[in-house]
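The letters A, B, C and D name the chains in turn, as written, and every chain counts its residues from 1.
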Amino acid sequence: MKKVTVGIVGGTGYTGSELLRLLARHPQAEVVAITSRGEAGVPVAQLFPSLRGELDLAFTTPDESNLTQCDVVFFATPHGVAAAQAAELTAAGVKVIDLAADFRLQDLGVWEKWYAHKHPSPELVPLSVYGLPEVNREAIRAANIIGNPGCYPTATQLALIPLIEANLIDVNDIVVDAKSGISGAGRGAKVDMLFAETYDSFKAYGLNGHRHLPEIEERLSVVAGKPVNMTFVPHLLPMIRGIEITAYANLTQDISLSELQVLFEKRYKNEVFVDVMPQGSTPETRTVKGTNRCRLAVYRPQGRNKVVVTSVIDNLTKGAAGQAVQNMNILFDLPESMGLDTIALLP
Amino acid sequence: MKKVTVGIVGGTGYTGSELLRLLARHPQAEVVAITSRGEAGVPVAQLFPSLRGELDLAFTTPDESNLTQCDVVFFATPHGVAAAQAAELTAAGVKVIDLAADFRLQDLGVWEKWYAHKHPSPELVPLSVYGLPEVNREAIRAANIIGNPGCYPTATQLALIPLIEANLIDVNDIVVDAKSGISGAGRGAKVDMLFAETYDSFKAYGLNGHRHLPEIEERLSVVAGKPVNMTFVPHLLPMIRGIEITAYANLTQDISLSELQVLFEKRYKNEVFVDVMPQGSTPETRTVKGTNRCRLAVYRPQGRNKVVVTSVIDNLTKGAAGQAVQNMNILFDLPESMGLDTIALLP
Amino acid sequence: MKKVTVGIVGGTGYTGSELLRLLARHPQAEVVAITSRGEAGVPVAQLFPSLRGELDLAFTTPDESNLTQCDVVFFATPHGVAAAQAAELTAAGVKVIDLAADFRLQDLGVWEKWYAHKHPSPELVPLSVYGLPEVNREAIRAANIIGNPGCYPTATQLALIPLIEANLIDVNDIVVDAKSGISGAGRGAKVDMLFAETYDSFKAYGLNGHRHLPEIEERLSVVAGKPVNMTFVPHLLPMIRGIEITAYANLTQDISLSELQVLFEKRYKNEVFVDVMPQGSTPETRTVKGTNRCRLAVYRPQGRNKVVVTSVIDNLTKGAAGQAVQNMNILFDLPESMGLDTIALLP
Amino acid sequence: MKKVTVGIVGGTGYTGSELLRLLARHPQAEVVAITSRGEAGVPVAQLFPSLRGELDLAFTTPDESNLTQCDVVFFATPHGVAAAQAAELTAAGVKVIDLAADFRLQDLGVWEKWYAHKHPSPELVPLSVYGLPEVNREAIRAANIIGNPGCYPTATQLALIPLIEANLIDVNDIVVDAKSGISGAGRGAKVDMLFAETYDSFKAYGLNGHRHLPEIEERLSVVAGKPVNMTFVPHLLPMIRGIEITAYANLTQDISLSELQVLFEKRYKNEVFVDVMPQGSTPETRTVKGTNRCRLAVYRPQGRNKVVVTSVIDNLTKGAAGQAVQNMNILFDLPESMGLDTIALLP
């Protein structure tokens, strides 16, 4: 069987290197081009020494890269880049998967408010599909442009969807307390992200508004069939990889914890990447590190009216590059977990 | 001026060693006895090499320790120990400060439910005072027995008291998402607390109920003048010291963020250990490590109805031994910050 | 092709869980039994949640486990256990791979001095083979009992072998400064290995003699054809996985750095798991985490007489379970890297 | 008593903030000016929130700062700055303490080779004093310009001086394997020092030559009265603060471990900041964090010919700002440990 040929635009950041790690072992995909203006000519294994002996490929300039000859192109770029190039690629029959935010929101007004510039290709937005396979699998299969979900939105939606689909909670008053490892901030040289500024410390950030909030609200509103309102506070963990979110909502119906457990297990019964843990367990980020899994657990503390869900993912894998490969597998009719079967290190 | 003579019961754990660090530098206190059955005869500096050259003292058995000759005795022991010995000590005129939970709750029924055994001296409970100086300073000054607050309850109460005193929030629906460093679990040899089990990972725990919940609810109910209901979920941070809590509540009055800021600043204007940070700041645990400070910030995200407060302390200092020394200073009419003026390392 | 059937004795520690991680993905091996008296009946995925959905197996008592029916049995046990059971297993035609130290030393006098008890089966020792494939591949292929090398000895030997084989250094005066992550201390509940005792700190240990010293000296003496003398000082890194050793030796011949580089590259040209990095590089432990690779670099600082080699491995993989699987692959004529092709996470 | 008035040039880096932490609590010193072109006008507590409520001071431009009115000026600047300004300051009667390398080496040829530019004021170098009080106390007392030692050189010299003074080792073949926390790399925004690039990893660096090597060799040669030759390999620890060095040398005389222990204890008997630990102990970096102490231990492994010394300091305190304050105390006839009595946090 002919392998899927893959191009990656912007491969020098952390989602780019994660794509390389996953695709280097993918049995039915082959990275044929990875672009970087700054590193053109440099072997990827020089920038990412974990790839020494694993991937014989060098960065190329966008012009040299013949992206229109690829089957699929991933954009691991700043916001705005994918939208500017998607039209040409899709016209050439290339599938586009954007790991940035250009195709995450359907409401362009909201997009332009939160991303603070004009959308480069508004006409493509309605044609794009939001790439959360656990909700949108069939639409993804037929899509030409996929907006790969944000990391927090992935962990949050998987935690809340069963409750919202079953109409069990007050969607006007949801609290999501989110914590992320530092790799989410990217590979840019910023004083705030130095080891000496972040190790052995913890803080909230983005309290005035994080761009993942409108994404979560828009997508959950689609699920709910009505507007969803959420208070979303992210925090910075002194770890490289891993997101945990703890979601709190008020139950609108009386439902026992055991029934909640059954609800979640049923909802995700066929989802290979979502693990509903047994009652009383607590998901740990280390058990999903480097994997495409989400593990979650549902609680009703003290039997009160509040339902609590805790959910963990690896922000670079299920929260970015892993989910992108999962979407690629769906697009090309490959087994959904192909190339995504890593087991987390423990310890 | 004669120094305050101090006894410490149970000095081999982390709150005990933190008491030693603070008292070794206290200009008006002298540790004259520190008990440990297991380590009797061993110099404290052998167990805690950071004290080499700082404190010339050895552990003694409780019998040798002449605790009734001390001015004050700190209990850094498991729950139940202070309550069993407090009557004898207070009869001898010794002040008692319990760093465990024997005197944190006035409602004995609740205490016995959460601590799962009979209280050893129920008659002393009504005579004891809850040692949160920012609320109870005058009562502390006159007390013989002080129940030193729990770590989470300290960070949480300081975050919420201004809002509750001003009757601004719905006290029936408060969410507190709390995160603590691992030293809170103590110095016992447990597999779950090994480095290899906790480093580079994050998880919720205690979702079925943490003992600090009834303490917070009881104390805030006193402030509110009516029952307070809270959802409280603690999490384990891969750090040694530091607690951050993010509290979420619904406003019952329309109040601007600037007015909220003023409210907090006024409430803590005279509190040397509470730092209300400027609007838009986010407290970091590293800035309070090893200090007795609480730093907090108040937000009203997206101008919606939810008020959010983030608050940080060092769980072993303001959350345990530092607050105990602060209480001792009040008891003996010393300046409240004496011996508590450490500046956190940065970086 | 029939899969190799595998038994694991003592699977509740860290080398046991690492064997499970690797073998769960091995295309030609199947774990059929994993013993633990304490955890008999418990699914492995309950103890190691990273294995949920990956391995459907429970611990069994040694009696139930039918180890004599396996093709190969791994011992991930304390010293002494493998030696006590190896005779029965090899008599039944089962290959034995001991991850402890029973078959690492040929000199029983030295063994009994350092391991402080009588060797349980001295007659088997001369029949066993030291399982460092880069030196002993042909002997391993024919062996019935393999003594899997220690972690420090693996990193150290790979660093020094090219120099000793070429007779380039004074083998009477080698210094090895070694650093290891904490997982090397195992999963036992010890206060010294608590997170709160080891995080954010670094120290030497074992200065009076580490058991890996006689192992390294014996094996390198075989290579040198004369006694090798080494000063070996291990240190404890605040990380879970990873060993780095820096080796220092005096050159006995004048040889340029470029010639040293060529020497190392030639020696390891055909070794898939040894990566000689380009001149001027420095191996990082993160690039080998979870993998079976050793990366190393050779230097001659300031052009002086001292040659310096720095070498990194993952102590649980190439330093234990990964190397054991590599030995299994050799024993059963499988491709040597089968099941060992993980790429390290970066970042 | 009039306080010593202090100016700090270049206060936005990590040695600058450490000076501020220490001097904010110094009973006989007062920081009157801290310069920064980039941050002029900004309160120091805004850049370093740990100083909120502790120090009421803002950065000023060099021109505004009236440094010639200070009693002493510390330079926490890149190499070259102090040398350019020292003449003017000393002419005005101001003492100069340079925390960079301008006055660490007497041999200007060596300096210019390693620092790769011309020394800005070669005439001042012979007048300056190397500020290691444990060797140079009397010269420091009379100095006008002090070259504050490097971090590695401090830990290394304190480890080796007793052996060299007693003429016990071969000074032609010393190995120093050094490890440092990341704060040593400073507060500049570099990709290599990001949390995501350095956490959970370990590596050697600077194998081709670190600038601290010539400093150590020059100073130890003075002690030895003949040239000292060292192989010095630094490594990067995933911690913020802390240096450990392990030094290896060949004994030239037969001396027992107990005699070595006595030698070290005698040498440092009157040194408040050097703690010779009891035989068999191992110094941990955490026990000196934030303090001005060096702890060390001496070994003779297996009774062989190699003496091994392990020594720990905090690179920002005894390795930089703390030692600078110690030098200031000596210069102004203050008790040497004034303002330097912090006890390390444990845990």
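The rule is short, and it goes like this: a residue touches a chain if its C-beta (ideal position, glycine included) is under 8 Å from a C-beta of that chain, and two chains touch if they have at least 3 such contacts.
Because the structure is predicted, anything quoted here is derived from the model rather than measured.
Undergrad: Which chain has its C-alpha centre farthest away from the C-alpha centre of chain A?
TA: Most remote chain from chain A, centroid-wise, comes out as D.
Undergrad: Can you give the whole-Å distance between the Cα centres of chain B and chain D?
TA: Once rounded, the distance between the two centres reads 37 Å.
Undergrad: Please tell me the distance, in whole Å, between the geometric centres of chain B and chain C computed from their C-alpha atoms.
TA: Chain centroid spacing, chain B to chain C, equals 46 Å.
Undergrad: Report, in whole Å, the distance between the mean C-alpha point of chain A and the mean C-alpha point of chain B.
TA: 39
Undergrad: Can you pull out the residues of chain D that are in contact with at least two other chains?
TA: Within chain D, the residues that touch at least two other chains are 14, 183, 187, 196-197, 199-200, 238-240, 284, 286, 289, 347.
Undergrad: What graph shape do the protein chains here make by touch: line, ring, star, complete or other?
TA: complete
Undergrad: Note which residues of chain A are touching chain C in the complex, please.
TA: Residues in contact with chain C: 14, 17, 21, 24-25, 48-54, 183, 187, 199-200, 240-241, 272, 275, 277, 281, 284, 286-287, 289-290, 293, 295, 341-347.
Undergrad: What residues of chain A sit close enough to touch chain D in their complex?
TA: Answer in residue numbers: 14, 182-183, 185, 187-191, 193-200, 238-240.
Undergrad: For chain C, which residues are in contact with chain D within the complex?
TA: 173, 175, 177, 179, 196-197, 200-205, 207-209, 213, 229, 231-233, 235, 237-240, 242, 244, 246, 248, 250, 280, 282-286, 289, 297, 299, 301-302, 304, 306, 308, 310, 312, 347
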